[in-house]
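We call the chains A, B, C and D, going by the order they appear; numbering starts again at 1 in every chain.
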Amino acid sequence: MADPTTYLSHLELGEPDKTFLDSSELIINMGPQHPATHGVLRVILKLDGEKVLGTECVIGYLHRGVEKIAEHRTYTMFNPYVDRMDYVAAVSNGLGYCEAVEKLLNIEAPPRAKYIRVILTELNRIASHQLWLGTHALDIGAMTPLFYTFRDREEILKIFEKYCGARLTTHAFRIGGCQYETYEGFEQDVKKFLDFVPPRIDEYEELLTTNRIWVERTREVGKISAADCKALGVTGPVLRASGVKWDIRKALPYANYSEFDFDIPTGANGDTFDRYMVRMQEMRQSLRIIRQAVERIPEGPIMAKVPKVMKPPVGEVYHSIEAPKGELGYFIVSDGSTQPYRVRVRPPSFVNLQALDIMVRGQLVADVIAVIGTLDIVLGEVDR
Amino acid sequence: MIPITTLHYLVTAAALFVLGVIGVLTRRNVVIVLMSIELILNAVNLNLVAFSRIWGLHGQVFAIFVITDAAAEAAVGLGILIAFFRNKETVNVDEVDLLKW
Amino acid sequence: MLDYVTSYLGMNTTPGQAGNVFWALIYILVVFAGVSVAVMAMNWLERKALAHFQIRLGPMRVGPHGLLQPIADAVKLMTKEDIIPAEADAFVFWIAPLIILCASFTVYIVIPFGPTHAITDLNIGVLFMLGVSSLSVLGVVMAGWASNSHYPLLGALRSSAQMISYEVAMGMAVVSAILMTSLNKTGTGTLSMIGIVEAQQQQQIWFLFKFFPFGFIAFAIFAIAMVAETNRAPFDLPEAESELTAGFHTEYSGLRWSLFMLGEYAAMIAVSSIAVTLWLGGWLRPFPNTLTGATWDLVFSLLPGFTFLGLALIAFIGVIRMPKHPYFRIQTMGLAGFAVVLGIIGLVLFIPPVRDRIQDIFWFVAKVAVFMYLYIWYRATFPRYRFDQLMRVGWKVLLPVAIGVLIMTAILGVVL
Amino acid sequence: MAPVATGFFFYFLSGLTLLGGILVITQKNPVHSALALILGLLSQAGLYLMLYAPFVAGVQIILYAGGIMVLFLFVIMLVSIERTQREEQFNKLWLVGLLSAGALGALFVLVYAKGTGLFPEGAAPPAESNNTQQVGQLLYGQYMFSFEIASLLLLVAIIGAVVMAKRRT
């Protein structure tokens, strides 16, 4: 491995505050094996005492070449691979891919399939946010929320397991709809979950929202302005916490999100606390969407008419959805064969991770941890 | 065994004092020179406390004053040391040969 | 031999004061063994209680309800490879955990578990305990420096700065308690730990409630500062797992690491004992003034026995609730044996001579146990402070308040 | 309480004190020197206890070993020591130093040999049980003024240390 300083050489780093020793610059490798970098992220920190002068993320430790694999698989065969990118929100990934290919093939999933998709995707959003909350709180030092969120996430995973047999990498959807009809009692399970989870979310908030230490640790930490967010292409809750009301479910509705009534929670300061609040409210909004979907779910087929051998016309398509972490886009180029010519994924975690440097400059080491947590990155998606 | 008298303590203190003086005079590292000064102060303290067994508690009070003084001296001395190290990147006394920087 | 023991039992001073080297040695051994066992029990209790806070079960495999887990851990740690990093300063690396351990165990010399149950009673008891417990900073600094690695160094700098800062507020709070001891006819206070408890007995009030709310505020400051002093949550940022991996003991493993843990838990128990001695009446039983008379004395002296019988009852309920599967037979038998042992201890505590000598220790330990539970509770509830916030709390909140309380205590002491 | 085994403890503790002193001035690594100094300071605290001065012993532990030495260790860590360890440890004056120290030692020997009468033995040792109170009364009574000056000195030292360590801009 090269000297870590070479990574930092191209960065315009702030000058160390020369009130104490001159030689106090400290270069620390945080990761790839570190308890708080959520997998295998390696952050090289240049520190002046405890103050962060600059950061450099080194990624790629989890690179599996998903996009390249796509070029050697048929459209259908590639579908399970997308689950392995953001393995915390596998359902969203599948939804985005399926819809993108559907767009390319110019077919549309039947209404019932769309409702099932919305229900599962929103459940997945809650699960993803719960996992984020648990790990984020653990990074900041609150151990207990982790176990509470995992307890409640279990209920969602149970629904997934009953529906498609898998808990994490679900492969729930197929191009053209869903493969499986909902199981007996699916609606009851979802309704039970809808009643079960709001008090639990209140419980998390009780532990954290009014906790003085939590508020002090997150307020004014990792601030990022709306302009910076836009410049970097940051999306999702991070962008919304900076006050930009941008949610693809509303802005460019996909599936049948236009039929549902829900709000887009936004923050004002763009600090870690706002991002926390935005995600907490998003969980409640997701519950609203699920409730409407479960009540209105129509009868009918779940699979559109899809050719046995998928040969999309020559062309390209970009389709993006609002994944739990931000805008998840699929850019697929077809050369008319059974395999895509090129697939490019726009992963929200990867784009959001760029904001890390802006967010932590001038702050303390402990804030780096808080900010990595609040960005809600999944390394599987960053490295693909 | 000979009973332990005040003289025993005084001899210990004297030996400690001489050790401190040797350290101050011969070492180059400022930190160790400062520590040797602490040794000297401690030798004095030991004397004061040993005498206080005979002459009353005044010696102990003075020992406390000496400890206070040692704290002040250490703080200022180490402050100077840091300022010096910052400018000359060394902690050797015999390189402190300029009256300015 | 028996005569010797009984003659000692009639004595009303600590072995250290009596100059009785033999009994002092016995006391030292008993306290050392007792604290080591308490640390192991605390280890199990922390994991268990924390697990139940967090809807988990905690250790369940080794022994019934994981009762033997600490022993298994100790064996594992002792048999692990002893690693000293190549770049480390081997001697300092070797001695640092010993310093911490010695510092936290030496404090027990002056802790009075009862009017005569202390190794010795120094007349500078409180000063001694503050000084010795502050020596553990040295161990922390050395461990961080000797590891020759960035995370430990940062952890050591953080940790030592934190311990020194909170020591100031802690000292101020202690001084206000010592001031209270001087509120008697002669007007002379004491620094002796036994003397402080006796002063509370004479003044017929725990210093916690003296000059309410000032005694209480001083106590609260001490209670906060002692958590910071022992580097426990929410002030555990020197060991912040998510930031500095493990702080100053990142490079330590095996037995040396376990020495750090032993030292940390021993220090927790020690500072809790100090808080109990200074503010919660030490070995005095609750309501020694209002609920007096032979009947109440009898009732309170029976409580230790009943406590152990209660524990035995809980263990028996555990036995009944054990799965009736052959796999669990040995575990069930073990738990039943444990319950029987607890029950026998409970019954022994009813014997009048034992009862009289043991109840001081019982009340002291019970009060300390409350603090131990608080430590676990904090850890389950609070996130971690950031370094600058921690310093701000220490210097800008606790210290001024402590000085204010000290001045108010002095004024009230003169006026009243 | 009378100290037990006075002879043993005196020789043991003063031996440790002197060993600490020797190690302080001979060690290459300043951290080892500081460790040796701590050893010396602690055994000296033991000597104070034997001299019926428990309060001074407590102050020695809490201030010297717990406070000043931590400051020393901090500074040693901040100034890089790798380079200084490789350099020459003793300056060119070591012969002069040893000679003058020897002369000083000879002076001590002379004084103690001649002046044994100055240190009468058998004076009643001060009561240990209220040592702290007596020291306190002296400090806040007879030596009140000196005490205040000492506190002023500490204040000046704090300000001085901060000014020194802060970079002039």
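Everything that follows uses one rule, which is that contacts are C-beta pairs under 8 Å (C-beta built on N, C-alpha and C of every residue); 3 or more make two chains touch, one makes a residue touch a chain.
If you're wondering where the values come from, they're calculated on a predicted model, not measured in any experiment.
Here B-D and A-C were compared by C-beta pairs in contact; the pair with more is B-D.
Of all the chains, the one whose CA centre sits at the greatest distance from that of chain D is A.
Chain A and chain B, compared by their mean Cα positions, are separated by 63 Å. Annotation: 6 Å between the Cα-based centres of chain B and chain D. Separating the centre of chain A from that of chain D, both taken as means of CA atoms, is a distance of 62 Å.
Mean C-alpha position of chain A lies 45 Å from that of chain C. Counting partner chains per residue, chain B shows two or more touched chains at residues 82, 85-86. Shared interface positions of chain C, defined as residues touching 2 or more other chains, are absent.
Multi-chain contact residues, meaning those touching two or more other chains, occur in chain A at positions 20-21, 23. The touching residues of chain D, when paired with chain B in their complex, are 6-7, 10, 14, 17-18, 21-22, 24-25, 27, 30, 33-34, 37, 40-41, 44, 47-48, 50-53, 55-56, 59-60, 63-64, 67-68, 71-72, 75-76, 78-79, 83-84, 87-94, 96-98, 100-102, 104-105, 108-109, 112, 116, 119-121, 123, 125-126, 131, 134-135, 138-139, 143, 146, 150, 153-154, 156-158, 160-165, 167. By the touch rule above, chain D contacts chain C in their complex via residues 1-2, 4, 29, 31-32, 35, 38, 54-55, 57-59, 61-62, 65-67, 69-70, 73-74, 77, 128-133. On chain A, the positions that touch chain C within their shared complex are 26, 28, 34-36, 50, 137-144, 146-148, 151, 207-208, 211, 213-214, 216-217, 364-367, 369.
Residue ranges on chain B touching chain D, taken from their complex, read 1-12, 14-29, 31-32, 34-36, 38-39, 42, 45-46, 49-58, 60-61, 63-65, 67-76, 78-83, 85-86, 90-94. Listing the residues of chain C that touch chain A in their complex gives 50, 53-56, 150-151, 154, 233-234, 236-237, 240-245, 379-389.
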